[in-house]
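Shared between the two complexes below is chain A, which has chain B as its partner in the first and chain C in the second.
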Partner chain A sequence: MRDFRQASIFVTPAAIIAICISALPLLYIFYTSVEGPDFSLGSYISIIKSTLFHRTLSTTMVIAVSSSALSLLIGYVIALHLARQPAKRRAFLLILVLLPFWTSVLVKCYAFTIILGRTGIINSALDAISGGQLSMSLLLNRTGVLIGMTNYLTPFVVFPVLASLLAIDPAVYRSASIMGARPARIFWTVTLPMSVPGIIAALASVFVMALSFFIIPALLGGPRDAMLSNLVDFYTREALDWNTAAAIGMILLGMTLIVVGTVYARNRRAAL
Partner chain B sequence: MKKHVTLSRRKVLAGLTGAVAAPMIIRPGSALAQSNSMTFVTWGGAYRDSVVKGVIEPFTAETGIEVNIVDTPDLAKVKAQVMTGNVEWDVFDAPGAMGASGEKEGYWEPLDESMLDVDDMTLAPTETLMPFYTWAGGIAWDADRFGEGEHPTTFAEYFDLEKFPGLRTFRDRPSETLEAALLADGVAPADVYPLDVERAFAKLDEIKSQVASWVSATPQTIALLRTGEVDFSYTYASRVRTTGAQSESGNIQFSFDQTLNGLEYLAVVKGAPNKENAMRFLEFAMRPEIQAATMELLGNAPVSKSAVPMLTEDSQSWLPDLSDPDHLVLNDAWWADNFEEVSRRFKEWVLI
Partner chain C sequence: MSEKIKDPIQARLSRFGTLLATLGYLFLLAPIFVVVPIAFGPPGDLNFPPEEFSVELFRIFFSSSDWTDPVLMSAKVSVITTIVVLLTAVPAAYGVARYNFPGKSLISGLMMSSLVVPTIVTALGLYLYFSYLRITGSTFALVLGHVIYTTPYVMVMIIAGIQKLDRNLEFGAQLMGASAMRMFFTVVLPQLVPSLIAAGLFAFLISFDEVVIAWFLSGSDTVTLPVKMFSSIRWEISPVIAAVSTLLTAMSLVVSLIVAGLRKSTPMAG
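Moving on, here comes the complex of A and B:
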């Protein structure tokens, strides 16, 4: 009870801001999605029947899953490397992870168009090496979206994974190697299982973020890479159908809540 | 325990009151700004510079009314402003379909036709929309790569993959694209509306595999031609003219044999805080000398008939001859009624 009381003091200002800034507008979005006082599920029904929605939903899932998996792979390797560095060196290397993390996503997207474009750095280099034989289409397609999203999401993997790697007691490693385990064995039986909480935290946050990406598919993707938030943008600005836009927003929120809820339930079970 | 709950509730209430009161405190600002200013929402970049030089500077010089410029006309923001009764914009620079859907939704103030010289206009104003200029969309190619007879000049040829093989572009929206398909399929320009959507999609199926890019940003229609990523492109006369002049590479040409002509409107937002100034602005923008000066910079076709002879000869050569029945003028009212449904189908069709 005492814990709860203390927690409520610290959480109250954040809660007030959260209620004013997100909960109230969210309620209004819900209200719009059911067409206000009419309380009609018409928008939801027409979305569920819409082929455009189905296709965009599957694109969203494919992109979210693959970019989460890619950023987990890359982020885990980085975190593993960082965890093995002496503290001073780690602090410096962390800045290298943080720099792109602090850079605006818009700036990063434009930087990628310079690197990935048809006459960009990569293709000019390929061109020079192969004498005009080789070129890769890296922009305005799925590849571009995945590169952009993985770049954005990787730091969000590095931090929680690094935290759980650093929390492993070095004595465990020592005892494993005294017992004769080789590095690979130590990784599979000690490091990986003990970093699972970090992996799950990272995956959940990265996947939730990936679900609602907007600017990266809009700038680096083609028409086939439109995600749910791009569909919301279409209904808001082009079709001016705010009921449908709100309903898609609510569905997206529902998907996020399912992911967060699953992780929360798992953590509770693990804590018991 | 209880103490904390009441405390937080009070804070919530205070926060709520603040949030509710904020617009009321903010609002008088715009009321103060009345009388001697107005807000004009228009497009950014070179377009904005042309409009400032052509219309806004002489308008302010004559009337003393300061014009605040906001970039990017967005109908969703008009909807939000009109819905909440918190209108900040006065004049809205609306492309055809956007203007027509705004009219359908009742977002614009009715025009006073007596202030306009309707006889001088190539296209009549509607109840709320004043035509500002027309733009011409059509087929472009790089003349260094394709000589006479090696490139399409009409939409029928643009869809003819046997005679003119190569990659093409289209916009990522059904308007313009469906019209082009129907013209290509042999529909006379006069019979294009109401659009036969089935027939248009059937015709588009023939060419889909050769459409390398469904372009969302207009500059791309030229950029893709320049880099050789496509062979022929659907683009705009004004774009070819302005970028062609600056180009050091390539020799982009535009066909005036057949064009799709769209309207750009000026409209006054319903409940505009400076409605009177806004109406004066519309009247001013239609004066032949202002139309001529602005279109000279923008590269589009003036709506004022008497402005045409005031243009330089070079500018006149960049205008389509709309009396030629091969050209089509887009029907914005049809799109206002059908945009959502057809767009959804178009987006699905592109995805498949």
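Moving on, here comes the complex of A and C:
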């Protein structure tokens, strides 16, 4: 009881904020999504019937899956390189990952509009090489969104994968190579399987982040690259249809919780 | 892993890996490599690399209230956010790290919820809720939104710091008759100073850069810098944004270096 009294002194202010500013708004989204006291599923039913929602949902899934896969690929290559460096050089090279990690998403979007735009760096270079024959449409389409999102997500892959690569006992590599395994075989039979926990942690967090991306599709994508978040924004701020916005928000939250819950349950099982 | 390479195939593979990784680093750093030179180029054209050196873009940035007002707004919101989040989340982190009480996992789960809940959902919830309370568009609303957004980061860093402290000092203080409060202020907090500085700097940086919640909650006279950047990248690509971006990147770099330095100088710090 004394414990409870002491703990409550420390926890109460933050708990009040968490209840009033975290929990109540979430409940209020739910309340709005079922149209208040009416408790009607009308918004959900009209969403399920809407082709705009269907198209946006499949766009969201396609973009989230492909940007997670791309960032896993690039992040894994970087993590593998970092894991093979001596500690001092690794600390330096990590800065090259940490600096982009801390760079504002708006800075990245602005830079990619300059790099990828119609008169941007890549297209000017192509223009100069080919004498005006070649140009690529890289911005305000799917390519732009994928490049921007992969760039944003890659550091989130590097950290967990690097942690699991560094946790592998070097003796395992030595014994594999003493037994005559070639480097490629060591990679496929030792490195890759033993880094699976890092890969799963990375993929889960990156996929969850990718599901609810808002800024990058809004700035680097075209109208056909709108994701669920952009739909939430559209219904809230432009269509002023708060019930629909809230219902989409609940669906997005549900999708996120399913992914997080699955990974959490899997980790619990693995720990037992 | 860092064994001597003797095998020619292995050497070639390792060179190939380094090449791929270098391309990866370049891809990650490309935005910074592009933005900084443009910021130091002349205004008016977006040629890369710029043909002459100039600080004109920074002068335009600092002399137009279109840009300095949002900067001041962001500074105000993130300073108040940092103060509020330190005052509430640091004691809460101590309570969660050191005590067991009924409902602990529910309460700490709620405090950490903005890590899992998609930011767009947090922003939507705050927007609807604050519209109902009629406070959308106020500085107060922005601060509350950023407080719950930064709380999990501060909690995680402070809890890590607390777990490295010797708990016997706290028991000792209480045995000698200090109240829980007095013990917290005179024994715990002084040992946590490096963690407090790191957490405060990160809270400031996260709040200063936050755009989604601010996009939903800011009104016409409470436009923060990220919101201003978001709408100007959307509607017109002004080269002034390169100067803003360079300043933001420099700020992130300074904060991360300070935090890295704190960690190195005090191995006890989280």
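By our rule, the second predicted complex is superposed on the first by the 251 of 272 C-alpha atoms of A that agree within 3 Å, B and C clash if a C-alpha of one lies under 4 Å from a C-alpha of the other, contacts with A are read in each partner's own complex, and residues count from 1 in each chain.
By our rule, a contact is a pair of C-beta atoms (placed from the backbone, for glycine too) under 8 Å apart; a residue touches a chain by one contact, two chains touch by 3 or more.
Worth saying up front: this structure is predicted, and the values here are computed from it rather than measured.
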item	value
Chain B versus chain C as contact partner of A:223, first or second or both or neither	first
Touched partner set for A:236, first chain B, second chain C, both or neither	both
First (chain B), second (chain C), both or neither touched by A:270	neither
Which superposed partner A:136 touches (first chain B, second chain C, both, neither)	neither
Partner contacting more residues of chain A (chain B vs chain C)	C
Which of chain B and chain C A:118 touches, first, second, both or neither	first
Touching partner for A:15 - first (chain B), second (chain C), both, neither	both
Touched partner set for A:196, first chain B, second chain C, both or neither	neither
Which of chain B and chain C A:128 touches, first, second, both or neither	neither
Which of chain B and chain C A:48 touches, first, second, both or neither	neither
Chain B and chain C footprints on chain A, overlapping residues	8-9, 13, 15, 17, 19, 24, 119, 236-237, 242
Chain B to chain A touching residues, read off their complex	1, 4, 7-8, 11-12, 15-16, 19, 74-76, 79, 101, 105, 172, 213-214, 216, 227, 229, 339-340, 343-344, 347-348, 350-352
Complex interface listing, chain C residues touching chain A	1-3, 7, 9-10, 13-14, 17-18, 20-21, 24-25, 27-32, 34-35, 38, 46, 48, 87-89, 91-92, 94-96, 98-102, 104, 107, 110-111, 113-114, 116-122, 124-129, 132, 144-145, 147-148, 151, 180-181, 184, 205, 209, 211-212, 215-216, 226, 229-230, 233-234, 237, 241-242, 245, 248-249, 252-253, 255-256
Chain B contact footprint on chain A (complex, rising order)	1, 5, 8-9, 12-13, 15-17, 19-20, 24, 50-52, 55-56, 59, 118-119, 140, 222-224, 226, 234, 236-242
Partner chain C, residues of chain A touching it in the complex	3-4, 6-11, 13-15, 17-19, 21-26, 28-29, 32, 74-75, 77-78, 80-86, 93, 96-100, 102-115, 117, 119, 121, 124, 151, 154-155, 170, 173-174, 182-184, 208, 211-212, 214-215, 218-219, 229, 232-233, 236-237, 242, 245-246, 249, 252-253, 256-257, 260
